[in-house]
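Note that chain A is present in both complexes that follow, paired respectively with chain B and with chain C.
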Partner chain A sequence: MNAIETRELTRNFGPARVVDAVTMEIPEGAVFGLLGANGAGKSTLLKLLIGHLKPAWGSASVFGLPPRSPRIWERLGYVAQARYLPQWMTARECLDFTRSLRPQWDVGKAAELVRRLDFPLNGRIRDLSRGHYVRLQIALALSHNPAAVVLDEPTSGLDPVGRHELLSILIDEVSARGCAVLLSSHIVEDVERMADHVAIMDRGKVVANGTVDALKTEGASSLEQAFLAAVGRSNS
Partner chain B sequence: MSWSIDIADGTPIYLQICEQIKRAVAVGRLKAEDPLPSVRHLALELTVNPNTVARAYLELEHEGVIHKRQGQGTFVSPDALEASRRERRKAVKELFEKAITEAAEAGITASEMDDLYEQATRRHYREKL
Partner chain C sequence: MIRAAFWKEWREHRLKYGAYWLALNLPILIPALCIAVNKGARAPFADLSNATAMKYLGLAMVAECYAVVTIFMLATGFLAAATFSPEQEDRSVFVLFEQPVERWRYPACKMLHGLLQVGTAIVFAVLFAPLLAWVLMLAGGRVTLAGSLATMQTVMLAGLRGALSCWLISAIIFAACALITSIWPRWWIAIVGVVVWVIVFWVTVWSFFDLLSPSFENMGNGSVGLGAGSPQWLTITYSFPLSGFPAWKLLPTAAALAAIAILGGVSNWIISRRELK
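And then the complex of A and B:
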């Protein structure tokens, strides 16, 4: 079974087609990179996948379940780009609250993530820096040992130490448990390091799709070149 | 032993890992039955996808450079040196063939090519001595 799949997934905001007939498959245990400039539609696509938005057309599934099923959260973790956590809670309260929602919550794992991610537990969420907010979200997303995790631009706003720690945590999730990862980014290097497979998005459409090595070697000498070429091609 | 990869290099990361391990065997930095880092450790050291490291190890296993022992990890094969020499000989042979094709396209004759080959070898070994 695929961890995540979409068929012709489409969403409009007014007249603008923000996600345009996206079809993709992410097998269990795979690391899938979603590359695109700001405004390409990556965040909207991810929100459709996890049921935070309804599609205008097409379908998506997470381990065979529709995105709006609450049961997907037994096997899925999500790191958002926007700040959606309750601002008045402390990080510790937010961890405790999320634990109450997740029967699979692993107390030891949560403690280890909190130690590795090193963010202030007693500060209010409203006072957390972007970097600390992302770190809290990563702890929330992975403490129930999900079989797949979706991360929306997680490395932007992290300092080099935080970025390295996040990538190391993802490497552990993949090698220890075969966790599937969907990593959206506009940072080509992160995708190049981490992904087996990559989809390049531009103006709502997937304009290139393949293994990192195939995109790198077919008519380009680097993933960055392939990215620029794919995005350029869709302009014409 | 420290390992590294070059993201800017157009060579796929798994091939960079394979090449590096074969080079380490060829120059004797890795010897028969030396243990290799686990997939997880090498992935963490290089900050790359563990699936990519696993793919490199699988490739090296096919080539006979390394072998897995159940529950113990991955080790350099007893005949790794020969296996990696064989692989490198194959790569050199391909380079020669490419050079010959290019020479033929440029209208260079066989005896001119002999001269070029001799000059190149002589220069190489003189520099080494």
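And then the complex of A and C:
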């Protein structure tokens, strides 16, 4: 069974088509990168997948369930790009609150993640730096041992050291448990480091799709070149 | 779910609920404090007998009931806007939608919590008013505990019924203002909407839902006199018919319950269908 599937998924904002007939399949255990420039429609696509947006047409499913089904969250973790965790809570309160809503919450796993991710537990969320905020989100997303995790630009806004460290933790976590990952980013290096399959998005469409090696062999020596070539072809 | 949602509501909005409790009780607390610290002001209560205590206790309770369903309607509306608006404006409601819980459950718990807070605040305010008046009378010396206890029981029971009636009207306001805030989450639009709605409610349907006034229709003649400068500055010749207070009527009561359910349900539906753009 595929962890995540979309068929002709489309969404407009006013007259602009932000996601345009995107079809993709992410098998269980696969690490899938979604690469695209800012404004390419990556975040909108992810919001359609988790039910935060409704499609104009087309369909999506997570473990065979529609995106708005609450049951998807028993097996799914999500790290948002936008900052909308309750700002008045402390990180500890946020973890406790989420635990009380998730029967699948693994207390031991959560403690291990908190130790590993090393963010201040007693600080208010509004006072957390971008790096600490993302770490808290990752702890929230992984503490119930999800079978799939959707990461929306988790390293955006972090310095190179923070990015490297965070990706290392993520790679360790997902490879240890073999969960499916959908990583959206505009940073080619991050996607290349983590993903074994990549879709390149431009102006709402998937303009290239394949394994990292396959994309590189299509006349490009690096994933960055493949990305630029795919976007260039789409624009011409 | 209910426990977690109630914890979040209380933790996030406790100051607003506290302010609402205080607002409902301030009109009683301020005069009570003024009377308590001024011996001369206590004269009307000191001269009371057990037989006439009922009039004063009843007045305090009835006055608070009317305050709740008139001037404090705005406070109730603002409370709804202040508790429903922030998490839609800052989008933190979506954190709740990322849990394995049906989307409608959290807004439903939020509405339930708000209605319970409004209810307990009203019950407290309505019962606190005669209780304070009673304490002042006991302090005056002429009214005795044994002689006024039965009267106090009658007043408190009528107060409970009156508070329930006030809660029904306030709950319509709360649910309607929650709906306004769900449609326009921006706090300042919600505030304008609340003021407009409360005025429209007063002008159009308040008399239909008012269960308080009909109980005084056949009360006969009497007066509440305020004599500035006189030791006997408060004189009441009314005898409030508290055994029939408020005058329950099936149609307004059923309509109020239906309105609360419909307004709350629509608000819930709008919030649970919201998109994160």
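What to note about this one:
Please note the rule applied: the second predicted complex is superposed on the first by the 234 of 236 C-alpha atoms of A that agree within 3 Å, B and C clash if a C-alpha of one lies under 4 Å from a C-alpha of the other, contacts with A are read in each partner's own complex, and residues count from 1 in each chain.
We adopt the following convention: contacts are C-beta pairs under 8 Å (C-beta built on N, C-alpha and C of every residue); 3 or more make two chains touch, one makes a residue touch a chain.
Bear in mind that the values here come from a model prediction, so they are computed numbers and not experimental data.
Model built by superposing both complexes on chain A: chain B and chain C fit together without a clash. In the superposition on chain A, A:T98 contacts chain C only, with no contact to chain B.
Once the two complexes are overlaid on the shared chain, A:A195 sits against chain B while remaining clear of chain C. Within the superposed three-chain arrangement, the count of touched residues of chain A is higher for C, of the candidates chain B and chain C.
In the superposed pair of complexes, A:F63 makes contact with neither chain B nor chain C.
Within the superposed three-chain model, A:A176 lies in touch with chain B and out of touch with chain C [touch as defined at top]. Vertex at the C-alpha centre of chain A, arms toward the centres of chain B and chain C: the angle is 160 degrees, rounded to a multiple of 10.
Once the two complexes are laid over each other on the shared chain, residue contacts for A:H164 go to chain B alone; chain C is not touched. Look at A:T217: by the touch rule set out above, it reaches chain B but stays clear of chain C. Nowhere in the superposition do the C-alpha atoms of chain B and chain C come closer than 27 Å.
Residues 7-8, 10, 12-14, 39-40, 43-44, 47-52 of chain B touch chain A in their complex.
On chain A, the positions that touch chain C within their shared complex are 13, 47, 50-54, 68, 70-74, 78, 82, 84-89, 93, 97-98, 100-104. Those residues of chain C lying in contact with chain A across their complex are 1, 3-4, 7-8, 11-12, 87, 90-92, 94-103, 275-277.
Across the interface of their complex, chain B is touched by residues 29-31, 164, 167-168, 171-172, 174-176, 189, 192-196, 212-213, 216-217, 221-222 of chain A.
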